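The two complexes that follow have chain A in common; it is paired with chain B in the first and with chain C in the second.
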Partner chain A sequence: MPEIDELENRINALTEADIESGLAFFRSKLKEAEASYLNSCVRCGLCANSCHYYRATPELENVPVRKLGYIVATFKASFTSLGRIAPGLVNAKPFTREIIRCWIDSVFGRCSLCGRCSINCTIGIPLPSLFRAARATLASMDLVPLDLQATVNNSLKYGNNMAIEQEEWIETVEWIEEELQAEVEDQNAKLPLDKIGAKYLFTVNPREAKFFPLSLQASAKVFWAAKENWTMAKDVGWDLTNYGLFNCNDDQAGTIFKNMATAMDRLKCETLVIGECGHGYQSARWMGPEWLKAHFPYPVVSFLEVMDEYLEQDKIKVDKTKNQQIVTLHDPCNLVRHGGIVEPQRRVLRQSVEHFVEMSPYGHENFCCGGGGGQLSMSKYTARRMNAGGVKARQIADTMAKIVATPCHNCVDQLMELNKEYSLKIQIKTVAELVANALVLTSRKDKT
Partner chain B sequence: MTFFDGFLYGALLVAIMWAGYALVYIWFRTRNFGKRELFSAPAGSQVGGAIYAFTWAMLPWAKESIRGNLISYAMGIAYHVGIFTAIALLVIYIFPALHDLTAIFLYYIIPFALAFGVIGGISLLIKRMLNPILRAISSPDDYFSNTSATLFVGLALATLLLSRIWITRLWFISAIVLFIYIPFSKIRHCLFFFITRYHFGAFFGRRGCMPPSKTKV
Partner chain C sequence: MATIDFNGATVELNEEGFLVDPNIWNEELAKVLAKHEEGLDELTEEHWAVIKFIRSYYEEKQSAPMVRAVCKGSGIRLQQVYDLFPSGPAKGACKLAGLPKPDGCV
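What follows is the complex of A and B.
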């Protein structure tokens, strides 16, 4: 049965009590800040062009304020006096099946939670925080698109979102270790698992283990070159992804995040290092402590910051002439706009590649690739995702770059699809892959 | 002063007090939603982020949405300057002692600010009516808020230029309507703009996202 019907069936099966409890849940997700945002919008419409969905398809339903409008309508009808007395004056609309359909379509189907509208809002409304409250409400009513929820369920059941069994994980790591040893001609090159008291607990995207072993090998090579004391978890806790950030079920997100927190406690590492992943970084660095309502006794850093520090402290040396092709950088929204990691990847790339060009716009103004917000896992909205990604494809094409570096495996996946769809003829690499390729292995034979 | 004028003054003061009281009440209602305790270790400064949000982030070149809509931005600025000028003029009329002190502004600056305000208000209203996207996202409140505020500014200008008592009375009536309407309308952003912008700046400032890094090409 197509999912559109399946979701529709779930909407139709809602009882009045379900809808009421959904509304109560929505109320519980709002704090002072969100209630203020919901009172602030002046509907100037200037956010329209900031959204890649609207840029790709300039229609009403893609305008950020339109998407927000459905949430404001419910807020006004349910929680403001005027909304109850004169709903027509302020477009207040009660929380009904009809408005629930609008919520699903706008917050799951037309938004990657990239936050570009926030920085362009004339008032300064962080729209994704409200869209997250709406997604959380829908999650509480079991109205999350099935395949997005399936990804979360995988993490809950297997400890990683690709349902990789522990044995398979260990075998993969051992295989990558052999490859690394062959590459650097050093039998001591290791991908340590469960090393108690290591400085860094390194976490990866399961896609690296499943489809992109070279990414993990590149990161391991950087650690090896820096002679770092690092480890990964053997059991759950090695996966940095957390699609709970996207279905916005905070309980599930917290449970998934606990895997990493537990691994940190178990292995007594000093620092939690998040591999190259936008949403993984936001989840662990910023949301994890909120989900668990705990202050962490250890720092959470991005692998980009680690590589940046290695270069700054001369722990590794790179030769940029080894990367001769023109390289541009795609900024993952969760890492840059939501995470504040903007410069480390640039400093690293400037030293590691011969020709580095920025997209226009770039940094915190960069466009989403279209794969964020869980869009990659919601097949129902694939056509919209690919269409919205056209904005990114044009940005890339304009740079004339042959390689797009991006510190995020979700972005890698989306960019690979865009590469095919828009015939970009580019290679997509993580930052570590470029750094690993440029490494100057002074004390050991350089096989790169 | 006639009884009617006395009544207008009284009604205006009541309307202003009502607006102030109601806005504070709405603000307290939003505060009742509670504060969110944050556990993640900060990477930047909340205060620095908030300061940035109220300063550099509001400059026309700071946002793509403004860079691409400079005319709308200019009209918006003119409109808001006009509204604040009209309110200042209202204060001068309520307290005639201020008249002499502000004479130079009354004749050389205020009329221009009000005129720009009227142009700004009308142009934004026309834009809202003509642009199909804006029309679709608008509620009746959007039109009424704009119209009532523009009328208030326009009548302030007419009062200043024409010096007719009936125009002054109309201006006072428009002010009474406007102030009574503020708490019900989107004009409440006169308060929530500042609250939202503070939260926006503080949130992203704490994460080290604001002020944004000055990336070098």
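What follows is the complex of A and C.
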């Protein structure tokens, strides 16, 4: 395969100077606390069963601290006295091509950065941060799997991760506007672009525009029902994704994030609303200010919080009997475990569907769908991803639900694949799609 | 890497079932992919309208079309595209049209 050969070629072409500068970069990514965590594991083994890779395939290479072990070994060999003097004694291993291959296999090939190991770690080792430092190091050495990097490159070149041209975006928005107007029988139902001074700047995943625009229509229907003053950017700044979170190249991540920040400045909106997306929320809400080293003068919220507020303030009304099937909820790791948005989606769903059931476990302890951390973009690891996703598939099957709601398009895609692979016979929907279906529109009809 | 048999020859698919070499695509191969990847025994006129549009778009522009363009160009309504291809426009229709896997959250 060209992909494998190319990465392998790059590894073989590494010079001593490349390896040294990679190591220096790695050291620069570790602050004191992180460096000390590299020597803190007490070998309790709890992380093994916390990891969906290990649960699906209980082999040593899938134990989180084993994956971390290659990074620890490198750190010891390069940056500790004992590791330099007596490497065998402390299991220190120099940063050779062989170890670099192990790094790539562990941090890109066997980890979705879901963070479940970290919250179950006896010591509280921040494994995702350490894995991110390793990915960042590999990125600095130009050793990111090519298809993951291609997605980042699209964002850098086109302002969105699917290389959608501006006219294609506009045409799709106009089309969905027509569809929405037909659906709600109101010519005033709009998907406003570039409306200066709107309260909300709404952002979406390019996947919606390119292939699955019904979720955009559903979100727009909710805004319309709430009579909201909202807009989306006509030019770059409409895409909420940031695969810089996954290749861990902070410079590229910052450059990508600037698109939304610039759109906010240009359109002078009050609040940046991140559509239903796990990593997009994590990037914008928590990482964005760090990447740009800037304080944002505006709130960054999830669309789930917006819908939650609409229901709380009676700005929209829903009839849960319109969603009669059993619905369960998949928690995207970046939105829930990393992002802290846990209850809004639950409050919204309990009001919008008749039978809501939780998976076990759920919330902060929920398992990754298997598609996180950029896994969906890295074809090489497909078999592992589908296998690790088996944990999620069993969780879903146990609920007996017919619909899985999930506020993340990346998770939607992985769940669609799991649905096929594990014959789950479920439908997968965003939260907005269920809310839109349950909307009670009497007040609007009275008005018109 | 997976392979499928096609008229006695071996065709290479990537780990996600997309053709390794998009240039070897033809309509007979699409039928084999339909069976192998989407579980479709038969491709109807509607399937072909979508597949042929996507293929000609790809041959001209070397990229996958927006689903808007697919609906407009093939005359198939959006919901019907999803009904025709269970894995959706990207992993269903584009795959059967022999395109490489699109980048992004797919």
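The definition used in the following text is that the second predicted complex is superposed on the first by the 442 of 448 C-alpha atoms of A that agree within 3 Å, B and C clash if a C-alpha of one lies under 4 Å from a C-alpha of the other, contacts with A are read in each partner's own complex, and residues count from 1 in each chain.
As a working rule, a contact is a pair of C-beta atoms (placed from the backbone, for glycine too) under 8 Å apart; a residue touches a chain by one contact, two chains touch by 3 or more.
Just so it is clear, the structure is predicted and the values come from calculations on it, not from any experiment.
Partners chain B and chain C fit side by side in the overlay (superposition on chain A).
Using the contact criterion defined above for the overlaid structures, shared-chain residue A:304 touches neither chain B nor chain C, since it reaches no partner. One of chain B and chain C touches more residues of chain A, and that partner is B.
Geometry note, superposition on chain A: angle between chain B and chain C about the Cα centre of chain A is 140 degrees, to the nearest 10. Shared-chain residue A:34: touches chain B; no touch with chain C. Of the two partner chains placed by superposition, A:431 touches none, neither chain B nor chain C.
Once chain A of one complex is fitted onto chain A of the other, the partner contacts of A:60 are limited to chain B, with no touch recorded for chain C. Of the two partner chains, neither chain B nor chain C is touched by A:396. Once the two complexes are laid over each other on the shared chain, residue contacts for A:154 go to chain C alone; chain B is not touched. Legend: residue contacts after superposition of the two complexes on their common chain; A:119 is shown touching chain B, with no touch to chain C.
Think of it this way: put the two complexes on top of each other by chain A, and the tightest Cα contact between chain B and chain C is 25 Å.
Judged by the document's definition of touching, no chain A residue lies at the interface with chain B and also at the interface with chain C. Touching chain B in their complex are the following residues of chain A: 30-37, 39-50, 60, 63, 65-66, 69, 82, 86, 88-91, 118-126, 285-290, 292-296, 299, 336-340, 342-343, 346, 357-358, 361-365. Taken together, the chain A residues at the contact with chain C in this complex read 1, 147, 150-151, 154, 161-164, 168, 171-172, 175, 179, 205-207, 209-214, 241, 376-377, 379-383, 409-410, 413, 416-417, 420. Within the complex, the chain B residues that touch chain A are 26, 29-31, 33-41, 43-44, 53, 57, 63-66, 68-69, 72, 76, 131-134, 136-142, 144, 184-186, 188-189, 192-193, 195-197, 199-201, 203-204, 207-209, 212-213, 215-217.
Only residues 1, 14-16, 18, 20, 63-64, 66-69, 78, 86-91, 101-106 of chain C touch chain A when the two sit together in their complex.
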